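Look at the two complexes coming up: chain A is in both, with chain B in one and chain C in the other.
And now, the complex of A and B:
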């Protein structure tokens, strides 16, 4: 298949609009105004760069980072070192190598070197941080902030220690800042809807589901982490060349907090939010800063108060978190508000001929060979062996706590089996991580539906499709995704956010997403749970089509006996981790062991009697 | 050998303080999923409580008790006023709220008290050293170790023996199920904050004895380090927090004692980098908390 670029047309248009919204007023100010407003605007643009850079990682991954300011500090430090006049450098940084002291670069070259060095440092750090989840990751970024600050202070001689670096050429003029800020904003917007951005947003919405469609979560995070760090470094360098003097303390908690407040108030998950938050907070801070030295309101004198600005920021963020947790824009981009940027139904490709050749049915057999899973002394699954050829349905039943979901987890790779082997034909997949197993032909759905809630139905399926067809362009992916949605009869819901769909529609979407990877085997964990009779009837139709139409092998865990008995070619019964019966519906119904497991020995005997 | 033993005790004392702080953070996190940035301000508040109590002529032991009570009350109040509105939201939302609370408290301390450190006299009986075998061991070190041990023991007994303690452990395992079993959510959460306040108060006193003064930022850095200790131990695990605290204490003291002079300035950076390296190999921390994927 031809490699074509993955570009979402809306994203490109939206990025241009965002850029213009920033550029036009700033150019007007540059052309018409003079004095302090030029400085304020330049400062705003530097902050905008920093906020948009933070958003690339935190907005798309959902992991709040306190560490981006450390990359700003590094960026400032490196770019300053590259551009300060050699004579001054010799006295300021006596321990630096001679070659560096003698070097004297222009701004573009200095920025380029800064970006590369910061990117490499971020890559090394990111290998560890991107493996952490949620709050642990946030705390690790906090550690990073402290590490870098203390390194810069400790490395006196290479740096100026905790003293100010001075004599930095003033090169961040308003037009330069504008160019760099707009570029950063455009990159952030395009990244959000790029292939990598889509996959990262999927991991933000649901970690386990992202793995189940083959996404390697740490490596997707790493891409955003490095990009975000490089642009943070850029913002730091811009700041250094704006201020001409800085000390390491300026890139510490206060700046970190300001940047985070801007992003969170605007909308953590939105690039438009970065812009809105930066504008709002810049205005508020300008007003508060003026009142910091005391204020004469005519009738009352307000004395000088330390930290009015910080208190103001705190109150704004608390108000935001109490009343509008997702920030001003939430997950929305500017496209939502400008009708001409919104995707129209007529924009969606109408030609929905299948890309994948589904007439060729899969072949193969999934073998579970004496799989065990122990938690300490407890055997949750005890040497269970099963076989599932394609085109067959295997039902897995058993009382609560009998190890069904654990067994499913061992096959899907979310649990590490402690013994036994799982193979697909001759490929050993035992103990592989979930995202690798997804690529080897095993799809799954979850007991509690796990969708990418704030992504559209279309994006849910596209995210999975890009895993199967990495080279496919956006157009072709859309066609294929719509085709899958049509198969599940939810094509008309393509542009709706997954979280807004009804229960039955969500189940269908989850199956459509699982099918996107063209699995040979599909594991369904209680697909009928919580469904009413007509929904269950629908589901039966879909499952039958999966087997007869697509030729998949299904492994179904469910408590709905009617569904299991009607559907399955074979039924396996687990009790306390052991396989106690395997056979047709009739065989299982006859089994004494099964009755005992479900009813207890005494009741079982009474029924037989 | 003497030097080593001396450092070993130092590490126990410092690690114990981190462990107390980390445990206070972990008690709240395990119940609520909140990482409380304002925990450090509870330490600072203890310091100011003691400072003012002494200023008004309150006897020393009573002043210490006032300090701890103040931190405990403040912790419970903090939850009522600031954290209840964001109780069921994401970790990020709660963390940011607590960060804002922490910053507001800093600034209040600065404006209402002073930005400069306030000296607190440490009783003479504590500044000396006792000779054991051939070693001179600081009384404060010994006291720190003793207080840490007693606190950990008392908390363990509370969590294992008392009904409320068992409810707390249940809530730490699975808060929703605990509530279904009739555990009173508000009571458990208030108790968690109360415990974290007591622990922050005790840690604050130990920290104060080392420094002899209190300033608005007193609690900030030790609590940042305690965060890292908690993540190292395994976020959400109480025993993990204690283990993480002691490990961090040992790393810091070890580096201070054995690093050559030239790189001594880098010890904070080195110790935190070591921790992050550990997390690279055990992303869940040392005592991992298992979560089922359903």
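And now, the complex of A and C:
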């Protein structure tokens, strides 16, 4: 299936503005200034490349990586090997194959080969690291940093071991650095809003919800990981060709720390933040280091104090983390501050009718056949069998801990059943991972609403839509997403961050997002929890529309008996993992077993008597 | 009348300005790019103190050759290679005549390459990797006792003691801990000794039981163990070696020239190590230490103070030798031809040494927790293994 690699027009504009913000002052410096400021600016551009490269992975995935410096080391090593004069190479790297020793490439070709090799290495490493979540992934990247450094030191003969690699041609001039830094910034900005970037940001915001709309989390991370590693390798090569000398220890904790500080101060999840952080830290360091030599302010004389730079940097970090935990820009891009970059209502497509045909109602039956789930000796779900045809509502009730959510998890693929079968018509979906199940026609909402908080309402739905129709371009996705939002009467909130919506609006958005995958069945875990009466009323209307208008089959878990009794065609009652009653509302109300389960045997008998 | 007054006043102004201009010409600017913060600061700061003492003494005595006052321009490169390049550019823009680079190879190469292009002689006061001047070019000089020089002095000593078989303990984690023992092995073999074995360790590993067991198993048992390990590896190693009952003599390098080693007690007794000089009574180093204490009101914290002092003395000698010319090529050639310059640590010779100086290596033995002088050695240039 073709996957559309669309470029969001707004991101492209934003990228151009970012590029210009960097390029214009740098070009002025290049044209007018000379001396150390040229070196400082070049160094700034190399750092900017490294920070933007880190941001592509860490910013979009939410996993802080300590490992990008290892790719910088590899980039420096490989590019140096390709560009050092053969005579020098023979003595510096005696174990290298003759063909490599004799080779002598120009910068563009050397960089190209470097990017490819680093990309392949990153791909192999990423297959393992991208499967890990949260802090275990971060620890793994830390391990990577240490392993790569040790390997480069140990591979003496192929490398210079712990010694300095020197004789690297100086090719990172200010214009070269500027070109590469701007290119990296543009790639990072466009990637952020691209299909892959959108999906990865969704996984950052909520792992389980991302899976529920069919996102394969490790593979989306892998895309960013490889891209980020290649650009980190580029930054490393730029640094090598700027300094003309490096040793492995250069690409270690100190540099890692500097890069992470710049990204964190600027805003971990923002490309504009990468730029802001790098500029801020560079400027502050330049000012502080000048004051280090002592200052005469006329009325007061500041003596020479060394260490001012370090102290100042640490204060900035503390101040940033204290006042703005998410960095200066947080999750925002520059678009938010420049009105002409903001999408206007009029930019959004008006014609919201041109969507896929939804008049065709789905068919099929979801069958749950003797499903069990055991945790050690405890049977959370014990051989439960249920059927749900489309166009029907099945309520699932039971006391706390009766296994309702576990059963829902088994159907949605977040829990592995230990026995039994789940089928949709003839397709066996038992034990498939959540993101596969999402593609096979089962959508879900969560007990505590799980939206992609820092994504707009529009993006929340687009992320799901592009899973269903990967070939759809950006324009079409927007049209379809707006249509869905309009169905749930929240189209006017499209550009708001999901986290800023009211509770009821969030619930609607969650349903809109689930519908984007065109499910035949929708699993709703306590949709009315925490809602007031009017909100509940509102919800009932939506649920009725889902069944009658869209023809879905709903499986609802809720404690609100009123809602369940009014809504459901059939009600299943679980107790201690077992199905103790199944039938209409009236049947269930009469059931002795149900009363016992809820009230205890003695109370139940008293009521009957 | 008005006109005459004007001319007179202009002339007066010129006369008043002239001596200042002449004085400005008679200063020599020395740029010091080093670490004030970060990992290299413990080496660059003592060096700078030595430099400052020498500058102060020379300036008080009327300047180099009684003419040139020294102006010292210092910059912090924060132990970063990239900053080293930036700061070097800054001091070069201030028209320094000579540059002093940081205490490590990478930043020294970065600084040296810029200075090389500007034809400004650069001296690395305390980087000890002997390949450094070769990497950068003909304007780059080393100053500190090079690793291969130190190793040669230790090999002389080992041979004189009658040791036949030596074992070297090295770590590939840094050039210093790896190459120095390898240079020793070469020099020792050239003198007819044998290397009984090579044992490797990882810096910071704490537990040396595997290495000690290996050393025990080597046959024939080595007569001497040589290593360039330093804190915290050296103390851990020597404790575990001695507690395993191995009494083989141990040779070390200037990395263990610290109070920690002296405080190790019984286990370190008899350890012989090399460094850049021993302040025996009446020696130039003893005088330097006294001067240092008078100037800074404290004892020198490391031998780098003395070697920092040496660099300025080398520059002074070079300018005297080239007939007071301050241009880069003249100073460069003059340094390259210096012989037996009297400095704080003894004497220094650059002539015929490819910009890595021949200088005194002092051998010290630990006796009763005190550093005692064994001998001063100036190795024969031909015995020094080539830098690699």
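Here is the rule we go by: the second predicted complex is superposed on the first by the 576 of 609 C-alpha atoms of A that agree within 3 Å, B and C clash if a C-alpha of one lies under 4 Å from a C-alpha of the other, contacts with A are read in each partner's own complex, and residues count from 1 in each chain.
Everything that follows uses one rule, which is that a contact is a pair of C-beta atoms (placed from the backbone, for glycine too) under 8 Å apart; a residue touches a chain by one contact, two chains touch by 3 or more.
None of these values were measured; they are calculated from a predicted model.
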{"item": "Touching partner for A:113 - first (chain B), second (chain C), both, neither", "value": "neither"}
{"item": "Larger contact residue set on chain A - chain B or chain C", "value": "B"}
{"item": "First (chain B), second (chain C), both or neither touched by A:154", "value": "both"}
{"item": "Partner chain in contact with A:40 - chain B first, chain C second, else both or neither", "value": "second"}
{"item": "Chain B versus chain C as contact partner of A:322, first or second or both or neither", "value": "first"}
{"item": "Partner chain(s) touched by A:314 [first = chain B, second = chain C, both, neither]", "value": "first"}
{"item": "Which superposed partner A:162 touches (first chain B, second chain C, both, neither)", "value": "second"}
{"item": "On chain A, positions contacted by chain B and by chain C", "value": "153-154, 156, 306-307, 310"}
{"item": "Chain A contact footprint on chain B (complex, rising order)", "value": "29, 33, 35, 82, 85-86, 89-93, 95-97, 99-101, 103-104, 106-107, 110-111, 115, 224, 227-228, 230-231, 235, 265-266, 268-269, 272-273, 275-277, 279-280, 283-285, 290, 292-294"}
{"item": "Chain A partner contacts - residues on chain C that touch it in the complex", "value": "36-38, 74, 76, 78-82, 85-87, 89-90, 93, 105-106, 109-110, 113, 129, 131, 135, 172-175, 178"}
{"item": "Residues of chain A touching chain B in the complex", "value": "62, 64, 125, 127-129, 131-136, 138-140, 142-144, 146-148, 150-151, 153-156, 208, 257, 260, 264, 268, 305-307, 310-311, 313-315, 317-318, 321-322, 325, 375, 405, 409, 414-415, 446-448, 525"}
{"item": "Chain C partner contacts - residues on chain A that touch it in the complex", "value": "35-36, 38-40, 43, 46, 153-154, 156, 161-164, 166-167, 170, 239, 242-247, 250, 254, 289, 292-293, 306-307, 309-310"}
